[in-house]
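The structures come next, written out as structure tokens.
Each of the next two complexes has subunit A plus one other chain: subunit B in the first, subunit C in the second.
== the complex of A and B ==
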């Protein structure tokens, strides 16, 4: 028997309106909003990527089909940006994950009276990326940066290093800033995961003679596996999109050594106004992200449905 | 879901989109302007960075207020934007159908907007009196395809500042700054040997920005070759300059990767020997350290033209501020009147140009305010630096050219790659931009 809302809809249908199920109507606003804010720009960008379109040359707009994509294949900067994106994302995620796990275990061991520390640890996570960028730009400044002062006093370096003006050091500097910013997120997630491990399982392992290390490897880690995978995938997506820290610290330089895809797209679109080519790079970037997102959704589904 | 329901869903989505689009449209400044504010009053939108910066904000607001007082029929809607965002913001505003009536722009941005078709030519908008008075050279810098699009507002060419006290400490003649690039290099070598390590010999912008290229352009010119000369690409002949730039960084004669503005605090701390900056350098230094009086400043700093190079000619790049009237403006006459007021009125010159250390762009200003424009720095600028100004390759490709050239220069200073290899790569990319190869 139809429930009350369905009956109302059927009544409406009898008066000449189409019969629509309630779930359909409830989902409609969300689909509508998503269509406007996600689908439309995506379709529009895909369309734009088939054109030679520079804002500074409005009279020279022309359909060039896949030329932008073909140009991309031969564009050194694109491939460098792609490589930089993978390095930035990979190193940031792996190192943050390890530090986050260690941090979470350490925090988990803290006595209850130090519970407030958990909140303090989260501070870097809530600081906006631009502020983090400025903070670390000063920390790594060649002249007054505290990083150089500490390293020199520790005897690790003899001369101040131009962190943000050396193609290898600059990438290290932005990754360090990014790790500092996102480690608290891992700590938060792993702390939650650690709290969910039944104490009796841990105790059983210890009673059976397992060492702390064995207990960690064979009990704690398997329990955290789900969180570990999902958090990492989430952070891969986030780091793929990371703009403010890199742009504030180096602007993608020196040369293009810290230019990631998102920085490259910004430069193409809003500094060179080459919207057609920027859209093409954006579509490729979106495709890569879509693949990662699909893996994430699949993992999530697996997690929920066992 | 059945096919019918999909059709219904898509139809509803389309209708809603159309309704929302219709509701959301029609908010452009031009439409608002067309209706006017109160009866007989027009409103012009003025986009500028003068009110976005603390050092110039109040003076600019005072000038706007005075203009409105003298012209009761015109209201000025002030829109502050950061200086580095001018091209970005104005392009987006224009293409979004929301162009302002008038904007403060640098030459490169103004010419890019003109090439885009966003600006109105000025010749028929400005009064004869103004056109007779304006500095012709600067006015002609704002030409694109035979038409004037920019109205020079304040002069800010780059001059060679030298720190007399530090030169003396290094055993160099404080009143005889280097006259040639070779002398400059020699002086920097002595400075590095004799002065403390934290003293920086030279201010040079090595960032990948259009402003970075403007800053380095005069140095490049002194070494005999600029990357682009008209349609001619000659980046592969810039070897001597690139070698010199690499040497500057390797020997610690400058700080790599810094914007030229980032050297100013060093100047205020008496840690910079040679600066290449505009006439507002003095005011900025004084704003960093309020104890530096005019007298103290001139005891320490002198200004002249950049040391000459192979062709024995001094060069300066224009960092001047201009005004641009937009094609979409409904009140071009009012905007032109405002532009003339900013560039030429006694009030604007007294309130904005003089106190902030800028140069006037109208010839009569120096006659009207002889005392104010006779200080040593401004005299040197008017007599020596302004005549040395050269036009850069402004146009729709300028931003791309700047990115390629400055990326190349960064490669020179941050890697050990052979210079010919770097320059050949820059050459190929520039040819791609300019000749579409």
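== the complex of A and C ==
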């Protein structure tokens, strides 16, 4: 058969190239880049995690086996960061999911000539993370922020609140910014899912006299289930790794109140230069992510291959 | 086709929802633009002007004369993002083709591993990567940054292009090869043109990834002249100049504009590429 790889191999071989298999030649460059930036650092990190290694004290590097991991168990900041990550991710994903679903259904109902609005709704999603952080720093600022002006005007708060300087409020502000940034992605995915519902199923529901609510529960939701699961898993992973919004808005503060694990790892490595301990926290975190990813890949596979 | 009877209540709630979502999506961007056109004095007005009463471009001109080299950041961002797009497209197309068309050992394992690499937190790679870059003299170089950005954009690109090549019938390619094309020539002249939407989508994502990335330039450069916009802006506007709101918004707008233009021009590819794979089933 013409598409057997052997033919081209001979050709390449004849011209004096080393006789490497074609698949290898094609895949290697990509794998090489991924290895430098992802695979090697990951392996290197697992080694580093077994050492006491501070960048500023290169002479005091010593093997200390699992001490870093043991220290983690008694590190309150680590556990606080863990909790913050779950809150940040959980609230962001659940709220965005609901807004995204309502938004997608509403936009799906619009007449075709308003289809352009779909694109407009997507805009927040492409705004760079740092800019999102800056925008909401301004919006939530205690002196000039519009959030305070609007909330006070509508009677929800009595005094201007120092959103980003308060331990209890900072997380709310950061989550709002994050939700603003990512809701479009959910809308995009759900809109695609809604389009994939067969017309005759919807018509059958209408002919049978189903109310809109019944149609939603018995037709829309079952059809969207796959995409709901996949989108939320993907976004759980993305939010677990979110860095720019939190870093620009609060830097993890005040007093660790918005420090997620990613922020904590960054600060350990690049502000305290404690590479050994930072690596240990990183490896534990990778383990957690790997588990979520496995579920995600399984679900995706099921979705694609039925 | 059967449709539901027109209901005023439903139509109103649909439009109400759409308008709220539009307002919520666009207000912060509008606010960025308005603030960037105000003087810093006006920014501190309470209640604020929701419309620039005396619009001024002084914040934009100030960016070119200020202490922070925003122009240089912009240039760095542009160079690294464009190189990332180029390299990602080439590498992802080669790999995507092999993973779609050729049978070889570990193919499925490679595909899954490529997907999984996307899930790891970037921040975990940074310490070893930093040490590696110091040794390899890649710190403060475009090469170093482009390699890092590319690795971030590759997994998505490989999957995207593989998906597109999957949907091109093998028969077309075989016909070309029967006509005497080599496999590589058949790939170039027959398969590639049909894969263009996937390649464009990959390019856009690579550009966005590189343009928006904060962690790599933050850690892999320590020379301010080598920072890209995100890292440069963090340096310029957080800390002692924190209250230069209008300057900050002007810089933000400059950073957002290229991405916005790209989005408006190529929106179709972006949406197609993103949702194509997920809803095929």
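Note that the second predicted complex is superposed on the first by the 274 of 306 C-alpha atoms of A that agree within 3 Å, B and C clash if a C-alpha of one lies under 4 Å from a C-alpha of the other, contacts with A are read in each partner's own complex, and residues count from 1 in each chain.
Simple rule for what comes next: a contact is a pair of C-beta atoms (placed from the backbone, for glycine too) under 8 Å apart; a residue touches a chain by one contact, two chains touch by 3 or more.
Fair warning: this is a prediction, and the values are worked out from it, not measured in the lab.
Trainee: Look at A:156 in the shared chain and tell me whether it touches subunit B only, subunit C only, both, or neither; answer first, second, both or neither.
Mentor: The answer is neither, since A:156 touches no partner chain.
Trainee: Which partner does A:57 reach: the first (subunit B), the second (subunit C), both, or neither?
Mentor: So A:57 only meets subunit B here.
Trainee: Where does A:142 make contact in the superposed view: on subunit B (first), on subunit C (second), on both, or on neither?
Mentor: Touch partner of A:142: subunit B, not subunit C.
Trainee: Applying the touch criterion given at the start, work out whether A:271 contacts subunit B, subunit C, both or neither, answering first, second, both or neither.
Mentor: Touch partner of A:271: subunit B, not subunit C.
Trainee: Could you let me know whether more residues of subunit A are touched by subunit B or by subunit C?
Mentor: Result: the larger residue contact count on subunit A belongs to C.
Trainee: For A:36, decide between first (touching subunit B), second (touching subunit C), both and neither.
Mentor: Both partners.
Trainee: Counting only touches as set out at the top, which of subunit B and subunit C does A:254 meet: first, second, both, neither?
Mentor: Only subunit B; A:254 stays clear of subunit C.
Trainee: Please indicate which partner A:73 is in contact with in the superposed arrangement: first for subunit B, second for subunit C, both, or neither.
Mentor: Neither subunit B nor subunit C is touched by A:73.
Trainee: Have a look at where A:283 lands relative to subunit B and subunit C in the superposition and call it first, second, both or neither.
Mentor: So A:283 only meets subunit C here.
Trainee: Per the contact definition in the header, classify A:167: touching subunit B only (first), subunit C only (second), both, or neither.
Mentor: first
Trainee: Both subunit B and subunit C contact which residues of subunit A?
Mentor: Looking at subunit A, the two contact sets intersect at 24, 31, 36, 143, 251, 270.
Trainee: Looking at the complex, which residues from subunit C come into contact with subunit A?
Mentor: That would be residues 1-4, 10, 13-14, 17-18, 21-22, 24-26, 28-29, 31-32, 35, 43-44, 46-48, 90-92, 94-95, 97-99, 101-102, 104, 107, 110, 112, 114-117, 119-129, 131-132, 147-148, 150-152, 154-155, 158, 170, 173-174, 177-178, 182-184, 208, 211-212, 214-215, 218-219, 229-230, 233-234, 237-238, 245, 248-249, 252, 255-256, 259-260, 263-264, 267, 271, 274-275, 277-281 of subunit C.
Trainee: Give the list of subunit A residues in touch with subunit B in this complex.
Mentor: So the residues of subunit A touching subunit B come out as 18, 20, 24, 28, 31-32, 35-36, 54-59, 142-143, 162, 164-167, 251-257, 267, 270-274.
Trainee: Using the touch definition up top, name the residues of subunit A that touch subunit C in the complex.
Mentor: 1-3, 5, 7-8, 11, 21-24, 26-27, 29-31, 33-34, 36-42, 44-45, 48, 99, 102-103, 106-107, 109-110, 117, 119-124, 126-131, 134-136, 138-139, 141, 143-144, 146, 149, 153, 180, 183-184, 187-189, 191-193, 195-196, 199, 203, 206-207, 212, 226-227, 230-231, 237, 240-241, 243-244, 247-248, 251, 261-262, 265-266, 269-270, 275, 278-279, 282-283, 285-286, 289-290, 292-293, 296-297, 303-306
Trainee: Within their complex, state which residues of subunit B touch subunit A.
Mentor: Subunit B residues touching subunit A: 1, 4-5, 8-9, 12-13, 16-17, 20, 88, 91, 95, 112, 115-117, 198, 207-208, 255-257, 396-397, 399-400, 403, 407, 410-411, 413-415.
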